[in-house]
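Consider the two complexes below, in which chain A is the common component and chain B and chain C are the respective partners.
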Partner chain A sequence: MNANPFTLEMLDVWKRPEPPKQQVETGFFTDTTLCIGCKACEVACKQWNQLPGDGFHWTGNSYDNTSALSATTWRHVAFVEQMDGTGGHVPRWLMMSDVCKHCVQAPCQEACPTGSLIYNEFGNVYVQQDICNGCAYCVVACPFGVLDRNHQDGKAHKCTLCYDRQKDGMTPACAKSCPTASIQFGPVEELRERARKRVEELQARGETDAYLYGAEATEEYSALNSFFLLKDKPTVYNLPEAPKRPVDNLKTNYLVSFATAVGLTVLSALCFSRGKK
Partner chain B sequence: MTPAVEGYYNLPMLKRPLWGWEIALYFFSEGISSGTFILATLADVCGSGRYAALISQAHAVAFVSLLPCPPLLIADLGRPERFHHMLRTFKISSPMSVGAWALLGFSAPVTLLALTRFRWFRWIPAKAVGLAGMPFALFMLGYPGVLLSTTSIPVWSQSRWLGALLTASSMACGASALAIATALHPAGKAPAREAIHRIEGLVNVAEAAVLAGYVYTAGPAAHPLTKGRQSKLFLFGAVVAGLALPALITATRKKPGRSSTILSGALSLAGALALKWSIVHAGRESADDAAGTRAVTRATPTNRGWRQPEAARS
Partner chain C sequence: MPGLGTTMGRGAATSFQEDLRNSDCILIMGSNMAEAHPVGFRFPMKARERGAQLIHVDPHFTRTSAMCQQYVPIRTGSDIAFLGGLIRYVLDNDRWFREYVLAYTNAATIINEEFQDAEDLEGMFSGFDTKTKAYDYKKAGWSYEGEEVAKSEPPPEIKTESFSQRLASLRNPTPPSDPELKHPRCVMNIVRRHYERYTPEMVAATCGCSVEEFLRVAETLCANSGRERTSAIVYAVGWTQHSVGVQIIRAAGILQLLLGNIGRPGGGIMAMRGHASIQGSTDVPTLYDLLPGYIPQPAVMRDHADLHGYLEQEKVTHGYWANLPKFMVSLLKAWYGPAATKDNDFGYSWIPRLDNNYSQLPTFLRMAEGKVRGLFLFGQNPAAGAPNAKLHRAAMRQLDWLVVRDWFEIESACYWYKGPEGVDPKTVPTEIFFMPAASSPEKDGTLTNTQRLLQWHDKAIDPTGDCRSDLGFLFDLGKRLKALYAGSDKARDQGLLNLTWDYGFDSPPMLPDGRPSRLPDEPDAEKVLREINGYTVADNRQVKGFSELKDDGSTACGCWIYSGVYPAPGYNRARERKRNPDNYTSPNWGFAWPHNRRMMYNRASADPEGRPWSERKKYIWWDEAAKRWTGVDEPDFEPDKAPSYRPPEGATGMASIAGNSPFIMKPDGKGWLYAPAGTKDGPLPTHYEPIESPVANLLYRQQENPTIERYDVPMNAKSAPLDPEYPIVATTFRLTEHYLSGPMSRFNSWLNELQPAMFIELSPELAAERGIEHGGWLVAWNKRGAIEARAMVTRRVRPLQVDGRTVHQIAIPFHWGFAGEVVGSSANDLTSIVADANVSMHEAKAFVVNVRPGRVEDFKDLPLRAAPWPTYRAAPDAPRSAQPEGQED
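Entry: the complex of A and B
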């Protein structure tokens, strides 16, 4: 049979295109000891990704007028003033540029019913905007409160780790604009090694409170491809100390629900068959 | 100014759930549909022909209550015109994905059985279709709680009993809807009324038990329901109107009369709606509760998390 070009073209729609070739996994290492709170990352991110402004709000929370990551803010600089010496350390400022954690096993990806959320060829967690239908399941799945749905276009948005820039071999906008190398981008294994050395170096200098958040997996949560060097407890930066993976409870949840459903069904069946004459 | 030692200006750690009235009504409606479908099939299989009128009514109720489900789900989406993207993949890790397929699968037997009341469709083997639809119906009965529990929102995810609670509530909805239907039907037969009355009582007892289990095991994570903005609806709607009053009515009446059956059934249905409404909406307050989120994500000996080295904190 001789298929005409039009038929072939129609069939083409159903063919999956070749997926992009797997690349070395990349990520962010955000070293908060180097952050000076300039918010260049916030601005560069907004500019490159053409994200709208979030309005003009004074929060009164130090220099933080952004408050949190959102569908239109993918980098957020947190400011903590510890000037009265509580907690047993010298008066100090803590500043941290927060971002999507790009979890190795991401709850948002596991929750997404449409397959919009994927791991791309760089191992980054990515929302495919042409697929997302705004069901908002990822919003409640994320244990870090990163994902949100934009009320204007109705879709979920978060840091893409500058997928478009990476495709062209460029550094993500925030890392590129960071003047102190607080945000470092690169192959994630290299970053983890560099981060470990940095902690050792700080510890040797007497900064015993420095540690890595997310560089390795915990008992219940995967490692983060976008991890942090912190100087105080995670909760001080509004990060969960020991996040949990929602899917860990999936089997138990199904089991309990269906055991109840089957149990009530059997009870009802007994009621219906009773009193047979 | 130094902020409190714990937390970051007490700002929420989580994002607010965006689900609202559409999802609450969906859980209510699909609960009635799956509950009545299961009861109809059981009556058909176990009843040896005694419940014909009840079964026919149940099929109608299951169909009518399923009708608003797809529009409600679609209305809830950020991009309603992309609803069919739910069916471009099947993901076992996502209860929403499995649920979308189950809803599709469930709608077929419900529609077929609703058609059997018309003469042209008498050839449809009702018993076989009912049995084939049972796995879908049981999934529809049980999955809403699983969907809410498999998240990071404390009020939904802390207790393993939420699924059982919503399942029991849906079954109660089915029984109450049928109790009302048989009471209203002029040809409502005594065996059907008695059986449904018994089922209603048993399911309500089971629901009360799992509700207590949920509140107890969720601990402080249940505060948005027991003390927060939803507490009035939860306590007076779900507990008092939905469980206590119907039990009282049943206890004070020796024989279930027509009006008391309708009243207790309606109260039970209203209670189920209050329960699902308050649980869905409590997610917002739970996400906003920064201290509550910190409490449930605190490091434990078995889940040490990413804690600061001990030496630094001495």
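Entry: the complex of A and C
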């Protein structure tokens, strides 16, 4: 039977292409002890992803004038200027390049009602722009404040871990531009191994405050595929001490709602039964 | 860079950045390397990760300081006091590298009896002529015993910089010496005596650091130098832009020679250059007093009437510069081709001769007087980037015509209708041509980086619209000028008419994607590079290196030090990008002059007998079996000259350099602790206060460098020392986010959002004293101008205790101006024009100001209105709590 080409074309819409083959999981290891605060990562990210500048606002907060991750700033270099020598540490100026954590169990992905947020073949958390409906559930779900909705297109945006570059076998723009290897990109298992060695090295050198943030899962939260080496409490770098998955609240929430529903049903039943009297 | 040239022989960084990873200690001083050279800073970081100590000595705490284990704040302009203190520490504690110093430096050489030191003359040296404000070499007696004065010292009004003058010629390449170092007039004893008063206490009192901080640096340096370990010094324009810049660098050279850190892996002095290819622009110079390859420009004041006289005056008898005639004749052949013959002195008479100081600052001062009629600006922005930019703008308003070639309409192209002066365009008679320039991916060519490395870049795409490369512009201009003057028989036109100008493409140029370029009339940059490399005239065969050059007109070479960059047809070494995993010097990545040597003076990495000083610091050594020098780099030495070679009586040229003398550009083959010639302000670095300073010189009665040219002209007023009106010391600095005065960065939103506004860094103590709030506005002013900026109150700037009293410093980034996407006051409206005697360098890194809260428009008594500020937001964005430690409670 010769099918009408128009019909075939219509049927194509229902055909699904083969999903891309699963690849080795990749991620970032950001070693803050090597960050010189040059912001090359911020600029390289914006240049490659063609993100607009966010306006010119001098904040007076050390050398940080972009302030936070946003829909148009996917790498952000934080400056922790503590030169007063109080708080039990020597005068110091810490720098850290912040980015999406690409959580192994990402709350944003769990919160996304449309299936726009997915894990791509590299295990990276990725927002499919053509599917995002701009509900912003992910924005509130992310415990790190990474996701943000762009006010122009109304959709959620964040680091793609340079999905497009990775597909061509290239290193993400930020890691490529980092002059001191503070941002390292690679298969995440290799990175974790390298990071553990690095911490041991620093500890042996007497820098006993060095530790990894997010390299391993905790009871409350999954491991991060983009993890950090820090020298002080996470809050010093504006990271949550113990990030939480909103999903974890669901069981209790459901129970409470269910119990409330049952209670209210009983209550109304009681009311009605009394009314019959 | 005569600081390095006078000390070691060549005015360039002695080593390469990749080698910094081998350092055991790196002293960064006069450089904000992490911010200004972030890519190169990966190597100090690697060294740190391998256990090296990083030290930053700087007026304010920067991102570089944050990466170093030691940070020492000092008062800007006190560097020689600090380095002099280090020299004294090394000598007094017997921490100098004895074998190295005795064999490779002039420590044992005896100096003429007439010489008198700063010790004897309260901060001056013998031979000062108060009328000319210059040292008279004839009376000075600075030279080695038995030597006359250098024969070709130019009159003092010409500040020439050339190797041969700096090196001087020695009649006796093995001058009298005392290897026992007992003779009171041997260099070592003169140096000891000279630095005796630079005690740790004196350093602390002058620089404003603590004695402990200074001693810790000294001990760290000493502990990491010697046979087994090496330390490097990194500097940048934080050292050069002073009235004593050359001498600061000399002091670093003395220190490194004493510690045995020159020519050895992990050692050296890295001069971090401030602009892209600025090394290239001194090698193939844009300098008025040099021809390509540091050959001195002929001058009317010397016996330079013909080639013979010129060569007789300029060539030296001993060391590598004895080859000057070969380089000069080959240069003339490259320029004038067949028109250059033996009979016409190879066209020597067509080269314009110097009759004055034509460096930038004096030229602009003449321009201000209406004596300069036209100006070309190629990637230069004096209206915001030059010291005393206000004076530069005033000077440019006197021009008849001005050509600006740049990417954007920079300050120097729009100063006639905007800017802080509120100029009425009708009053500016200048015709200004703005020619859009191509960017580096839009043109072929080389960049010569800070470590003398030539790296070729290919054109990726054609430039858009009317944008053209500078090379294409000049090529076209030359063609038009030649056509204009065609047929002239005037003598003065013959140079132009005889210039070889055949750089056009032989076949239509193609782009990398295979399409033809739409600009077929642009020149072939590789042809230029081939001419620079040199070739034989008879068969047009490219030479393999400068050793093939001849003085009989049979070879042509555009710049002898670059010879070897294009040694065979189709073999452009600058284009090579081969990594070599076994050799970190990467000999096949680009081409480093001279002769692809990555580290200069590397003969010094071996002991006098040619054996490595230690296994750990092995680099170049003598292979007795092969009778050759070998190692990981090209030897900076004759490859087959044995360590045991001693020059026979009467030897000249390289034959007069012994097999144990690594500094082959020097007539005696030694590193110069004491400079008998070559620095016009003294043979030994001596601390003088900056021209503007709120502090009296604690070391000598002489307050400032006596040979300085002050240029006391209108608009260039300077504060007298200790001026109570201007008690605050100011210095300028760079941010990673912007580049120079901003022509390449302040037109880019991605950079502007990172540092959107002009600010000034000051300490909480000063802010409290003046009532300035963090995030608010402040005005800084002095006798030359006033600027306004946001106040960055931070403990990264500390008040210093200088001679028992508090001296405040402020740090001003110099990236803003009145053109571009974000604008702000220009730091250079505060800096002054002065010129040091060696290189006509100004003093933008140390001057005085006063500060108060508010905007410039609030005050009627200020000397100049500041740049109008486009208020994106009327009030500061930052809450007072944004930076709690920046507040004074």
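Keep this in mind: the second predicted complex is superposed on the first by the 271 of 277 C-alpha atoms of A that agree within 3 Å, B and C clash if a C-alpha of one lies under 4 Å from a C-alpha of the other, contacts with A are read in each partner's own complex, and residues count from 1 in each chain.
In the analysis below, contacts are C-beta pairs under 8 Å (C-beta built on N, C-alpha and C of every residue); 3 or more make two chains touch, one makes a residue touch a chain.
None of the values given here were measured: they were computed from a predicted structure.
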Touching partner for A:61 - first (chain B), second (chain C), both, neither: both
Partner chain(s) touched by A:20 [first = chain B, second = chain C, both, neither]: neither
First (chain B), second (chain C), both or neither touched by A:36: second
First (chain B), second (chain C), both or neither touched by A:46: second
Contacts of A:256 with chain B and chain C, given as first, second, both or neither: first
Dominant toucher of chain A (residue count), chain B or chain C: B
First, second, both or neither for A:107, with chain B first and chain C second: first
Overlap of chain C and chain B interfaces on chain A (superposed complexes): 59, 61-62, 81-84, 86
Residue ranges of chain B touching chain A (in the complex, touch as defined): 1-3, 5-9, 11-19, 38-39, 42-43, 45-48, 50-51, 76-80, 82-83, 85-86, 88-89, 91, 93-97, 99-100, 138-139, 141-143, 145-147, 149-153, 156-157, 160-164, 166-168, 171, 175, 191, 194-195, 198-199, 202-203, 206, 210, 283, 287, 290, 293-294, 297-300, 302-309, 311-313
Residues of chain C that touch chain A when the two form their complex: 34-35, 38-39, 41-42, 45, 49, 51, 61, 63, 65-67, 735-737, 749-757, 759, 774-775, 790, 792, 794-796, 821-822, 872-873, 876-878, 882-883, 885-886
Chain B-touching residues of chain A, taken from the complex the two chains share: 59, 61-62, 64, 67-68, 78, 80-84, 86-88, 107, 110-116, 131-137, 139-150, 153-156, 208-214, 218-221, 230, 232-244, 246-247, 249-250, 252-254, 256-265, 267-269, 271-276
Residues of chain A that touch chain C when the two form their complex: 34, 36-40, 42-43, 46-47, 52-63, 65-66, 81-84, 86, 91-95, 179-181, 205
